[in-house]
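Structure first, then comments.
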Amino acid sequence: MIDALVLFDLVLALAIIGIAAGVLILRDAFAMIVCFVIFGLLSALAWVRLAAPDVALAEAAIGTGVTGALLLKTLAHLRGRTLSPPLRVKGGLVVNAALCALVTLAGIGVFLATPIGGAGLEGLVAQNLAASGVAHPVTAVLLNFRAFDTLMEVVVLLVAVVAVWSMERGIARAPAPVMGEVYAGFARLVLPAAVIVGAYLLWIGAIAPGGAFQGGAVLAAVGLMLLITRAYTPLPAHRGAARIVFVIGTALFAAVALFVAQGGRATFEYPAAHAKSLILIIEAVVTISIAATLAALFHGREPVAVSVRETRA
Amino acid sequence: MSDIMLYAAIAVPLALAGAAILPAARALVLRLAVIAPLPALALALVAPPSALSEPWLIMGTVIGLDSVSRIFLAFSAILWAAAAATARRWMRGDGHATGFITCFLLAMTGNIGLILAQDAFSFYALFALMSFASFGLVVHARSDKAYRAGRLYIGFVVAGELALFAGLLLASREAGSPLLADLRMAELSGLSVALLIGGFAVKLGIMPLHFWLPPAHGAAPVPASAVLSGAMIKAGLFGMLSSLPLGLHAYPDHATVMLAAGLVTIFAAALIGVREESPKAVLGFSSVSQMGIIALGLGAGLMAPAAWTVLLPVVVFLAAHHALAKGALFLGAGMFGAVTGLRARILVMLALILPAAALAGLTATSGALGKEALKSALETGSADWLPWLIAALTLSGVATTLLMARFAHTLWKQAPGAPEMVRAQPDGLVVPFLGLVALSAILPATWPLIVPEIAFAVIADKTADPLPILVGIVIALAAIIRAHALGIGVQAFIQGITAPFLALRSHIDAASRRRARSLRRAAHRIPAMLSQRAESLRLGQTAIAALILAVIAVGMLEMRNVGAGSAAPMPELGIDMPQPWD
Amino acid sequence: MEFTLLPLAILFTSLGIVPLLFALPERSARLRTTINLTAAAIKVGLVAWLSWRVSQGTIYGVGFEVLPGLAFKLQADPLAILFIALSSILWLITTIYSVGYLEKGPHRARFFGFFSLCVAATVGIAMAGNLFTFLLFYELLTIATYPLVIHRGTAEALRAGRIYLIYTLAGGLVLLVGTLWLWVMAGSTDFAAGGMMADIAAASPVQALMLFVVLIAGLGVKAALVPFHAWLPIAMVAPAPVSALLHAVAVVKAGAFGIMRVVYEVFGIHVAVDLGVTLPLAIAAGITIIYGSLRALTQDDIKKRLAYSTVSQVSYITLGVALASPIAAIGALAHLIHQGLMKITMFMAAGNLAEGLGVKSVSAMNGVGRRMPGTMLAFTLAALAMIGLPPLAGFVSKWYLASGGLDAGQGWVIALLLASSLLNAAYFLPMLHRAWFVDADAGAGAQESARQRPIGWMLSAPPLVTAALVLIAGGLANAPFSPLEWTRFVVAIEYRE
Amino acid sequence: MNFDMNLDTGTIFGVAGMIVFGIGLFGALSVSDSLRRVLALKLCGVGASFILIVAAWRGPAMPADPVPHALVITGIVVMVSATAVALALIRRIHSLENGRDV
Amino acid sequence: MSEFASIDWLALTVFAPLLGAVASFLAPRMAPQIGFASLTVTALCVVMLAAQVIAGGPVIVSLGGWGAPLGLDLRADGLGIVMLGMTMLVGLFVSLGALDSFSAAREGEENARMRLYFWPLWLLLLSGLNGAYVSTDIFNLYVMIEVIALAAIGLTVLTGRLEAMRAGLEYMFASMLGALLFLMAVGLAYLQAGRLDFAGLAAHAGEPAMMLAFALMLVGLALKTALFPLHFWLPRAHASASAPASALLSGLVLKASLYILLRFWVEIFGPGSLIGLTVGLMGTGAVIWGSVQALRTQRLKLLVAWSTVAQIGLICVAFALADTIGAQTAWQGAVLLMVAHAVAKAAMFLAAGRIAQETGHDRIADLDRTHLRPTLAQFAFALAAISLIGLPPSAGFAGKWLLMEGAMRAGAWIWVVVAMAGTLFSVAYLSRPLIGFLRFDRAPDPVGEHHGWAIADAPPLMLAFIAAISGLAAVQIIGVLDIGAPFGPFP
């Protein structure tokens, strides 16, 4: 007997696979990106089915939302260039397809041969949740048990923004997306709401699905809108502030991690009394950093170079 | 005192030769060369028998003087002195005088030294010094003829030296000591004796090893010819006397060859010699012929050790006789070329008759004395050979007479050219020439005075064992070697040897070059093509998936192998080790 | 064994000045010369002291661990002294010669730096206490000589350098594998009188045999054994002092010395004989001797002729080692020194001819004796010594080799040596003939030899000194502390069993 | 193997994740257009995330293992960073190629 | 002293460069000073950590105090210390080189920009590298390699030239794909084992999911390490970057993924000999192909880059010996070779950069002793070549020795032959530029005094010198390396 939900799962899975294939097959670049966004959203849905709402939220906000925006911006930049036909049947292609199919089959075989849910750390997490300072297990893992991973992940963002700033310079401006008055108005209306949602997500992260990344993504969306609508134009003078915002999450996180390491405590070992507040502070600051960084990644270049070029032009 | 004299005999000529390096001393050296052999002469005449050991020098050096060496030293020193005196005039104004006198003195050092040497090392060293230094004397004229003679000479010298090296090496191992006295007492193997005889026979000019001798004597300037013929070829004889166990052990095979060679040498040299155009070459062949006589004595000694005690004095006497007479003849030839005017020429010619007659064996001359003594001494030896030897000795007088006649004829027709300076003042040549003539004449009288202990002769038995076939082979070989050596020359000979080798090499080179070129082309093309192909097909990317599959496949394979091999399938795969941080 | 820093001090006299020499500016020639000569003189003094101590029975050693279980080990034993003495004396002489030779040339700083490094490597090779250390210095030698070989910087020199590098590095690599194998097999690479392979050779003779082949092949490249000899004649494009060093002291000798160490002190002569490797090695050496001489015959370039002569002469050493007779061993070891003296004389003389007269080929040598009597006198002495005339050095070693051949029951060795001497005579005597007895205007190359410029004492004296040494080494062979005497001392140790 | 027993949400999405990963891999290996290649790589990333999330899944109505979730969130952020850098590169190359740079 | 001992030097090795990066990013004008200072501090931390490890064995820090399966453990054992030491050594000298390469004295806006961004990127890279060497958790390693990869790509494209950008994009794709294969492997491993720490995973080695995970990780890391045939991205990326960046990429970045592979191989998966053989064959292919390409290429930096491909291949031969009796020796050799290659290759890239800077080109065929010859840089190049070829007394020699010794102990002569072939090849291709440095028959001007000396010559020279003589310290390095028995308790 097949459960209705399982049927839903099956259909959803098939849709995900089909759309994933579509990303590769569709000739039109815009369609491809749209396809990808849909794929992301369906994946997020699937993850909700798999009892992973935090992840779904993050995927929807960052994996799909921010990424989609980045892709569209790039597409706009590349506009005028026709995408080469994605798939041409050549010998190499067939060989690749066959090999990848075999790898996939092997993967599926291995997956089916491995029991699901056999082993995990949920027991340990539950045991230590109380000591972690937060109630939501995912947040506990992110900001306490595996805080080092999270720190390094923020570092990855920092690396990305440094790298992007270092490479993207002097680009003549891509034509700005044509955004009507309606959009601008919508943006103005939505902005305060989005800020509030972001902050809420951050706060709620301590006890329920949500947290720094999701909140950061929402705040980043605010930034994106500001940038798109030219409500905010990055100026050279803002560079210093921008740099501070980018690094403050990393810096604070690292500083706290090191600072707590005294009196016999290890690095990242928050004093039990201050664990919650420390985590909250870190999360808040990291959220701001993430938001600013994501927005900067979208904007894509250091303000100074552009301004110099533009004033000359 | 005698130690100092021993040293001085060798050191004086060597020091003079060394002094020739200094440009300032060169003229003086030429002038003083005449005194260089005098210490040796004094040593020979007055010093008591002595020996001196210097273990630190070379590999242990012993020099000394015994009765045989005393005689050799005496006549060699006289000859060297006479030649030096001649050279003093002869070389004046010659552009290469310094080179000549240096070589002359070095050869003198070698010659005198080897007579004094009592061990194989120093003997060999000085023998080589003499031989190699003489090269400079032979090629002194710098003419094509001289160079040809020089090449021939040096080729034979090197071959002879190598034979000597091997012979001395083997002999001293067999004797267990490098001292020549021990060599003489040891029973040497046939091989080492053959090597020694061969090595010394080159110097002695016994056929078929004589080819170098006439051209060299012909090419060298007069004073050099005199010592080459008078003193240096005797060094070969001296070598045999001092290194072979003569009188102790019989070597019949060697003796046979030696006797045969001697017999052939006496007459063949005469026959060839009479066809020569140059008086000095004729004299050279005469020397060869005379050495044939000496070879008969040696051969007899090798055949019958018992006869050696009587043969030895005779052989030594013959050597001294020939040295003085031939020296006189060479110097006379030079003199003849130097004087101008018919009267002077006739006078010189008359003076020349004396040594010539002595060589031919005219009654009462040293030559006749020597031959008769040899005949009687031979009778104590092998009976088989005796009639032949007697006949040969008898006939040798005929041959020598012929040669002397030819010498006189050619001398008259085309006397050897003398340098302009000598022509102008030939008087400086008179004393050495006449001195040698005189010494040659009075040799029979003075002989017993110098070395009384061996100045006697004995009569022995007779034997005969003709080996004409062997002689024929020797002659044939001689002819071949001669044709080859004279016809092609050393350089061409070497090229002949190496030519096929070189051709093969160039062939291989060319082939490998071609091959290398095509390989290099391929080496450049194939990687380029491969990398282009790999890039255009994006093989690197494909490899990612392929490798994943490969590793999975291999992993599965291994898992199966392990699973089949053991009851517990998994643990083997993980290296089961205690984790260090646990 | 006495632990002391003396070996290190000797090494340091050459190694320590290397950075100094590199750092000196090109123009401060006087200071450079002073440093060079002082160091060389100090080294000769130290070596003299060391030899004295070693002759009294003291063996000095110093070492530290480099790889697990493997030590860098220097050890001054009698065999080492033999080689160090040669290199230190010849270094002094060659340094003087080089100063004169490169008086106005470019890159002197570099030249002398690498020159010193080269000597340091040679000293290290001599004093290496195990095969591993030997290998270290063997490779260092390769690196240090390469810039010297290509010092002229021309396309030809670079080509020669490349060939040199490929040959010697490949040889070094093979030696590396051999050393490693020895280490894996025996657990030690130490040199010890009498060897250390007896048990292993008994247990697995095939492996021991293969190891021997690998080691000899690796060393044979530098020792220029046929067929690994091709680099040597090509490398003669180097400046004369470098050729002198390459041929006389450093590179080929390093190979020959290594063969000695391997045969005597790794395997042990008795083990080597039991393995049956000595006769093939002797035959290989014999082939090299004849081959090198035959090739030398047809060379017109003086240095090339000398180079092929080296190919031939160096194998005398190998031959003597392989004959497995103490007498032959004496010949081999003595030849190590004697050949060095003779060949360095000839190369310096050849350098003088090229520098002073522009004479580079045999056919242009007519009459050079008169124009450069001193140089040619030295050359003549050395050439006659090569042929093996007494009382020169070459005779002594040849005599012992031949006696050793008889001693070992290998009569063919005498024939071989005779043939070799004959060939030596065939290619050296024409040179002497031209130099002394042919007038300058006759023959080819008159134009080439027309150029003449005076050479200083720094060029003319060194060959005379070494020629005198050739004479002394032969003439005073039996005197105490002569090479021959020292050699007897060494062989007594190696054959002690 | 009992199909019914195994056909639960985890299995379905696990297999789907594998397939998505395979598709992404194929795209990453075969596609030459850079933008599409970035997307193919993102597919790979999502595919990998699927496996992690399935690994965390403990059945319907059961609380999941939070650790993989945290990992995936981290992975998503890392991925977006990498994507941003890749896209910036693509934009920059395009500008340089078309001479829109000074 | 006790205060010092209580300081978490281990974590500081990661945090010090991180904070330095933050500071240098915040104060771009002071970036070089800040960068160098924080590098020095990091070096100090590594030294202190090393002292701790040498004195008391491996140091383990449980971050947050949670302990392995739940939290993250950092660990510094001998192998980690050696890698950290190598990183710091190369890093310090390359930074010195960078001080000059991007010095304020040089003209141009591009240079100024490079100076601004080099330091944060490099310090972030360093923090990633150090993090990787002390990590014991595979997901943590995933994040680390992403940090490393993004920073490395940033460094690759720092020059802003089109070819660098293209090469960087290719590198980016390879790197991302490698990381994603790794991530998939992490997923499979968690699916199987339910934990991510090395020790926990080791217990599950050999199970199917682990097998697949291993395959993916192996290929992903091989892709990042540019092991033949997955090297396609490397030559262009390394050749087109600026000199200090190339030095870091070739010297350090590749080593990180190679190190991770080594760790996994030994500590977690311990795969069988056939897989070892596969990797060994890949290494052999790398030796041959890399060398052949290095022999063909016309540009100096490309030659150096191809030589990296070949050398990495040689190191990977050690994997083929992993389950033989010679394993420990071979691993030691491989690590020594990694260190040697890092030091020498960094020196070589810096030197090549100096040469190109002085002569204005890097065509091998046109190299000669011009009047502007950068003598010291050429000398450094030659010294580095000595180590890469593996001549004594370089660390390369010691490494090759141990590797070959391992092969011999295992009786696997084929790998001895491969090592020999690699050596000969390296002689052949490295002698091409070396010969060029020494020829002066084409020089238009008379060759005179030394020219082209600069402070910037010091770093490559020092590095090359260290590379050339560090073989003499091999036994000390191995002594450190064996602390904590990273290659298992072999007899």
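Letters A, B, C, D and E name the chains as they come in the text, with residue numbers starting at 1 for each one.
Here is the rule we go by: a residue touches a chain if its C-beta (ideal position, glycine included) is under 8 Å from a C-beta of that chain, and two chains touch if they have at least 3 such contacts.
Predicted model, so just to flag it, every value in this text is computed and none were measured.
Number of steps on the shortest path from subunit B to subunit E, with steps defined by chain touch: 1.
Hopping across touching chains, the smallest step count from subunit B to subunit D is 1.
Ranked by number of C-beta pairs in contact, the top chain pair is A-D. Think of the whole protein's Cα atoms as having one middle point; the chain whose own Cα middle lies nearest to it is C. Per-chain CA centroids place subunit C at a distance of 42 Å from subunit E.
One finds 29 Å separating the Cα centroids of subunit D and subunit E. In whole angstrom, the spacing between the mean C-alpha positions of subunit A and subunit C is 72.
Averaging C-alpha coordinates per chain places the centre of subunit A 102 Å away from that of subunit B.
In subunit A, the residues touching two or more other chains are 92, 96, 100, 103, 106-107, 111, 116, 120-121, 125, 145-146, 149, 153, 156, 159-160, 163, 167.
Chain contacts: subunit E has residues 139, 143, 146, 150, 153-154, 157, 165, 168, 177, 181, 188, 190-191, 194, 207, 211-212 touching two or more partner chains.
Under the contact definition stated at the top, not a single residue of subunit C touches 2 or more other chains. Chain pairs that touch one another: A-B, A-D, A-E, B-C, B-D, B-E, C-E, D-E.
Of all residues in subunit E, those touching subunit D in their complex are 139, 142-143, 146, 149-150, 153-154, 157, 162, 165-166, 168-169, 172-173, 176-177, 179-181, 183-184, 186-188, 190-191, 194, 196.
Listed in rising order, the residues of subunit A touching subunit B in the complex are 91-92, 95-96, 99-100, 102-103, 106. The residues of subunit D lying in touch with subunit A in their complex are 1, 4, 6-16, 18-27, 29-33, 35-36, 38-40, 42-43, 46, 49-51, 53-60, 62-74, 76-85, 87-92, 94-95, 100-102. In the complex of the two chains, the subunit B residues touching subunit C come out as 21, 55-60, 99, 121-122, 124-125, 128-129, 132, 135-136, 139-140, 142, 147, 150, 154, 158-159, 161-162, 165-166, 169-170, 173, 490-491, 494-495, 498, 501-502. Contact residues on subunit D toward subunit B in their complex (touch as defined above): 25-26, 28-30.
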